[in-house]
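Both complexes shown next keep chain A, but they swap its partner, so chain B is in the first and chain C is in the second.
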Partner chain A sequence: MAETLIEVQGLHAGYKGHAVIEDIDLSLNPNEVLCLIGHNGAGKSTLLKCMFGLLPRMQGNVRYGGGLTHEQVALVPEGKGVFPSLTVAENFDLGLDAAKIKGAERAARVDWVLGVLPQIREFLHRRAGTLSGGQAQMVSIGRALLKRPRVLIMDEPSIGLAPKLFQDLLGPIRALQQAEGLTILLVEQNVREALKVSDRVAVMKQGRMVWHGTPSELSNDRLMELY
Partner chain B sequence: MLALQLTLTGLQAGALYALTAVGFSLIFGSTRVFHFAHGATFALAAYLFYAVEAAGYGFVPGLLASFAGAIAFGLAIDWFIYRPIQRDEGSFFTVFVASFGIGIVVQNLIGIFFGRSFVTITSPLSRAREVLDGVYVAPLAGIAFVVALICLLALGFFLRTTFTGKGLRALSDDPELVRVFGLNPRYLSAAAFAIGSALVVPAAVFTSMSSGLNPAIGHHVMLISLAATIVGGIGSIPGTMIAAFIFGLAENLSLLWFEPQWSEAVVFAILFAAIIARPSGLMGKSAAR
Partner chain C sequence: MENYLANLGVLICVYSILAITLNFIMGYAGIFSLAHAVFFGFGAYTGGFIALNYTSSMFVTLPAAMVVSAVLSLLLAIPTLRVRGEYFVAASLGLQILAVTLFTEWKGFTGGIGGLVGIPPVSLFGTEIFRPTSFVIVTIVALIVTIGIFHLLVHSNFGRSLRAIRDSESAAAAFGKNVPVIKTVSLAISAALAGMVGALYASYLAFINVESFMLDTSVLIMAMVIIGGTGTQLGPIVGAIVLLSLPSAITYLNFLPQSEIGAIQQIIYGAGMTLLMLFRPGGIVGSGGK
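Here is the complex of A and B:
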């Protein structure tokens, strides 16, 4: 079996000395879609921030394996992950600059993202602050994909989106995951839709990991009990 | 003719206020640090230029010393004062009080080293000539206006086209997201302080060659900058620029009706009226974005 890409062991983390998540163990394997679910305040976003390196650990470890580097991990944050005063193209520019991608490769990456999410072409030169929730989410995912990441972490991409729009957004991402071997960690409140595209599920409750398995193992009764 | 004379003087003052106010707005908009000591940067830059020029080293060394001093001062305050306070989760008000205190310390140090009296650099360019019947303009006024416009246009170009410029606009929008993008907020914060501090230098140099200096000059300039930032819209550089020109003109045109000592009151009357009529400012976020 291929080496785990991200291994979380005994992780405690939080804010201002107060632990929000405690004793978390989680592994992210190559080419899988892992769905992390749980109520608001369960600590899902805190865990993602630690895994991405935005929040320091209080205890425990987050280890990148299989040759994975931080540059190969992209995060789509909760909410509108775009800078509203910049145009969509400028948001992309900034993402490419931050990833130190230069020359012809820049245009090639943008073309590739516009191939995956072609709707972005229509508003590429609009100010991101004028976009709808769905359009902004698409740009946020597009910006993350510009890194050509091996691991894509998405924090509640369905927030503010109609179910149909969310399905339209997940479709190309799932296709990309299967075609390119992308690994996805998806945090979602829209459990039904998220489980349809996931290979594994992990459930968090009150800052702790309470269950993990495959979507087929997670019966409705079990889900109600855990959630 | 007096109105035309005051309008020309007002445009020159407005251009110089715009440079200082835009510097403050850039720092505050990007970092959310209420850098009240920006006025001290102005005073320090002006007196450094005055010291080097008065010592006989000439204009260019004076200008370079002024730039070096202003940028170093801005970066040092960010690094040694604001960051430690923020690291310990000090509040907005803690930062403001620290900044206010630095302004007072610098003002007093300048008074100790250079005296409290009025000083100025005389230059042939500062001598006014009659350009129209009863209208006198010094070449320096025109040069100051053009230089200020070039600096402001260059800043606009920088913010639109460069990596650091776009990064500063991004930092102004959402500091947390800056880290998600993989940008370095510390570098961007330092860039905001360096560029914002450098912007005061032309204004400080032209002020030392025209209206002259006293240790409290930074305080007056800072009050105008603050008013321009609020009236223009917090974080909006074009708005701040327009407001600074309005204040420069208002301060001078008020002399048509009031004694000079009331000019600052006119500025603040405009500020209060603007806050009541449009709390988000001329081009504040709720109006412009």
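Here is the complex of A and C:
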């Protein structure tokens, strides 16, 4: 079996000395879509920040395995995170700058992303502030993909999107994941839609990991009980 | 009449450059400064002081004015640009008030309340330029160069970073942008060019004193940017033309009582700005929507 890409063991983390998440164990395996669900305040975003190296841990470990480096992990932040006064192409330029991609490779990466998410081509030169919620989210995902990550972490990408639009958005990402062996950690509150595209599910409640398994093991009754 | 129009042209070019430089930090970086007249003033005093005591060559006075104003901007930027925007506004207001005291009291450099008198005209390759009709060409060239510099900056990686910072400092930082350094450099560039035009202004008028560099001037420059259109390239020039031409235009309305012209100008300014903010908050050139 391939080595786990991110292994979280006994993790405690929080803000100003106050632990928000406690004793978290989680593993992210190669070429899977792991869905992390939980209510507001369950600690999902805090866990994500620790996994991405944006928040120091108080206790426990976050270990990258299988040769994974920080540079190979891309984050799609909550709330789309596009720069509204920049065009979509300029938003992509910032993503390329951050990934330190230079020269002809920059255009090649943009072309590759436009191949994955071809709808972006229609509004590539529009200001991001004029895009619909779904288009902006697509740009945010496209910008994260520019670094051709091995792991893509998406923090609540469904916020503000209709279920159909969310599925339309995730369809090409799921196809890319299966074609290129991308590993995805999807943090969501929109449980039903997220489960449709996930291989495994982990449920958080009040800062603790309370359940994990496959979507088929998570019955409606069990979900109601956990939530 | 020719000299009158040339004089108006010089002032429009000078204030257009000031508005463009303020717009660069205000419209593209989201830095609201109430101290722009200070950079303009230090440039003017530096240029005037050098012209009076050493040489009036613009290859000396203009670069010296730029350096002094840029260095001064660093004194404001380094401690304040790391904190939230409203602290910078307060700090810039403090600098403006402090600078007025300095301009008034530092007699050895500024001439005190009486100012610097008899500043020699700027010279270019040994030729002195003093007639308004000649000077207007110098200021038009300076305006074109300024427009060119800021056009290149706004459309460069640096300009893209500035706009990203204006949208969200934390997100820009997450994309590897060094927010305090970029903001500090943008303020230094803006201050340097405001200082440069200050030196031109001093040599044109041959006399400067503190009254040209007070808070009123900073507010006037900001009004030009807002009325013309913040974050647009043409807006600051349009704002400068409108705000400088309006007083002249009003004096030609013979049916108005000449003794009340000042008050009428204030009423028109106030009403105009209120209507603009209500119906075209993006300014004359900016987007029309609220």
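Criterion: the second predicted complex is superposed on the first by the 227 of 227 C-alpha atoms of A that agree within 3 Å, B and C clash if a C-alpha of one lies under 4 Å from a C-alpha of the other, contacts with A are read in each partner's own complex, and residues count from 1 in each chain.
Just so we're on the same page, a contact is a pair of C-beta atoms (placed from the backbone, for glycine too) under 8 Å apart; a residue touches a chain by one contact, two chains touch by 3 or more.
Keep in mind the model is a prediction, meaning the values are calculated, not measured.
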{"item": "Fit or clash - chain C, chain B, common chain A", "value": "clash"}
{"item": "Which superposed partner A:Ala98 touches (first chain B, second chain C, both, neither)", "value": "both"}
{"item": "Touched partner set for A:Gly81, first chain B, second chain C, both or neither", "value": "both"}
{"item": "Which of chain B and chain C A:Gly14 touches, first, second, both or neither", "value": "neither"}
{"item": "Dominant toucher of chain A (residue count), chain B or chain C", "value": "B"}
{"item": "Which of chain B and chain C A:Pro157 touches, first, second, both or neither", "value": "neither"}
{"item": "Which superposed partner A:Gly43 touches (first chain B, second chain C, both, neither)", "value": "neither"}
{"item": "Partner chain(s) touched by A:Pro149 [first = chain B, second = chain C, both, neither]", "value": "neither"}
{"item": "Which superposed partner A:Gly134 touches (first chain B, second chain C, both, neither)", "value": "neither"}
{"item": "Touching both chain B and chain C, residues of chain A", "value": "77, 81, 83-86, 90, 93-95, 97-98"}
{"item": "In the complex with chain A, residue positions of chain C that touch it", "value": "157, 160-161, 163-164, 166-168, 171-172, 174-177, 231"}
{"item": "Residues of chain B defined as touching chain A within the complex", "value": "89, 163, 166-167, 169-170, 172-174, 176-177, 179-183, 289"}
{"item": "Residue ranges of chain A in contact with chain C within the complex", "value": "77, 81, 83-86, 90, 93-95, 97-98"}
{"item": "Chain B contact footprint on chain A (complex, rising order)", "value": "16, 52, 54, 71, 75, 77, 81-86, 90, 93-95, 97-99, 127, 129, 143"}
